[in-house]
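Here's the structure we're looking at; comments come further down.
By written order: A, B and C. Residues from 1 in each chain.
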């Protein structure tokens, strides 16, 4: 555990000090501020527009950070041969992958918490309306992005950084369409097609099971039970994918 | 005779026997045999030089000993307490851009399970030994090649290892740096450490090493005390090396 | 030195060129109104897309709808694509109340009061506790109904206003509108009862209005008035009833 922690802390330091990350976050904050302009032409729907488009900006830029940092996480270590230094020490491959992932998760937590809090305060100050649900929504976006990061790290152990990024983004999109795959698995006549569709449905992370935005904009009341269940599912999915990544990584030679 | 007695009494720290390594390269996964039966022994207290032309398989041998690669066949007997008593400096080292020298050494120390307080002292001592005290808080991306080499040696020694493997330790160093590294290697020998290093700089090998092995095309073609090599080469290791490699 | 001066001059000239071009482009007259027939995908397309972004898509089309309405209101007064936009926004975000309210009035300008009514009903179904929906439905029923039987229309409108008056947050005037329309629709007894209830629960102004309306609705003969007023006792608190009686029989011996 100590070694995982040491690798995680230093991964966090490495990524949080990267200037590219800072630029992306600045862009995100700029986009959130830009939602003010949209809000101004929304016919007194300022709070709703700021919350909704603000969360879209948080999701989009969070996705950019998640995919591009996760894709290069493992690949860079192999490319620059820093793995030589690490694996000449008593560090297991699994410890390495978990340490890198947890370090990146800590970085994402800081980034997303910053963006979420900024959006919350902006909505409070400008629209004089802020809902604690905004922070819950940010937390759920964080979990979704951790899933995307885990998948991207997995792909980065078997392919290049660019391909891993593309696949990571594809999995995010596919995760939004998870219910469509389920519908497909129920249609059709062939048992094989149905079974294959169902397998694909299980493999693709379900990133749209709970829609929290209507609750954020005051249109609905989300159920804590469904949020907790979905959160638990996402955490379990992350654990499985990271374990798979470490299993693949154990076979690698440098 | 006395030499032979001493040789038998000394422990073998590393025994490599008929080591073979085949890799698959390219799109069609064409099999290429890099190591074709490497055999040599490193004794405790040796400063052992692994020499050979480019592509001989020196780095692959070191990586297989460390465990970065798995041998296709043959055996590696490492008689130290696992990776915890090993130190390794890769060739042309590259480290983490945004960590400072002290943070990086701290990471390495923690991977060996060193606790915070003794680790802090050890990091300070090593940075002093390699002449990087003033750059301890500077990010590694701002280090020169020579500074990276020196912090690389420091990380290889963080756990006070019994066996130190150095891949081209003198690369990128100015004459002052080379003198400092040679002094570090010599001090390791005096302290009873075993050192195995690759190098192209034969003058340094002649000066530092007690035993050498010469590789060519994936096999060891000569190994023995450096004194024997010098005697055969009329006191010139380079002459001896060329004789052996071109034979 | 010369090279540097030339570089600075070139850079300044380019900056000037950029600013002048943009300033000139900004003086051009605004382009003519776009085609009123804008393509709007069906809501089903988006409901199949993703539940996570439905409100965001609804909000984006809401902004488009406002701009579309404003642009065409200023120019050609054609709102051909407005019904599709309203359908999309309200289907994707059925509890986006402002969308219904704005659309109801905007669709009047598109000569589609029937759709105004339709979407207000849909909004009321999705938001049954918001008094604004039955309130606007009452307004639209009374103002834009095509039925020539005004008494029937008055009853329909009154029914909506009555529903609105019972919902939390409704203005006191809503109940008064219900009562007035009941009277217009010929439901005299219901009107009387409604005014009596308003008196019992209302503020001073509502009570004044109730007395004035009841004075006109109640029988003028004292005995008949007493009979009707007695039956109204249960519609208001006892403390209010005695004051009500005093007020309603002022001027009677």
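Keep in mind that, in the parts below, a residue touches a chain if its C-beta (ideal position, glycine included) is under 8 Å from a C-beta of that chain, and two chains touch if they have at least 3 such contacts.
Bear in mind the structure is a predicted one, so any value in this text is a computation, not a measurement.
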Chain-level touch network, classified as line, ring, star, complete or other: line
From subunit C, the most remote chain by mean C-alpha position: B
Rounded Å distance, subunit A centre to subunit B centre (Cα mean): 42
Rounded Å distance, subunit B centre to subunit C centre (Cα mean): 82
Complex interface listing, subunit A residues touching subunit B: 2-3, 5-7, 9-10, 13-14, 17-18, 80-91, 253-254
In the complex with subunit C, residue positions of subunit A that touch it: 38, 41-45, 48-49, 52-53, 55-56, 176-177, 179-180, 207-208, 211, 213-214, 217, 219-220
Footprint of subunit A on subunit C - complex, ascending: 48-56, 59, 62-63, 66-67, 93, 95-96, 98, 102
Residues on subunit B engaged by subunit A in the complex (per definition of touch): 23, 63, 66-70, 82-84, 86-88, 90, 92-99, 103-104, 107-108, 110-113, 139, 152, 155, 159, 165
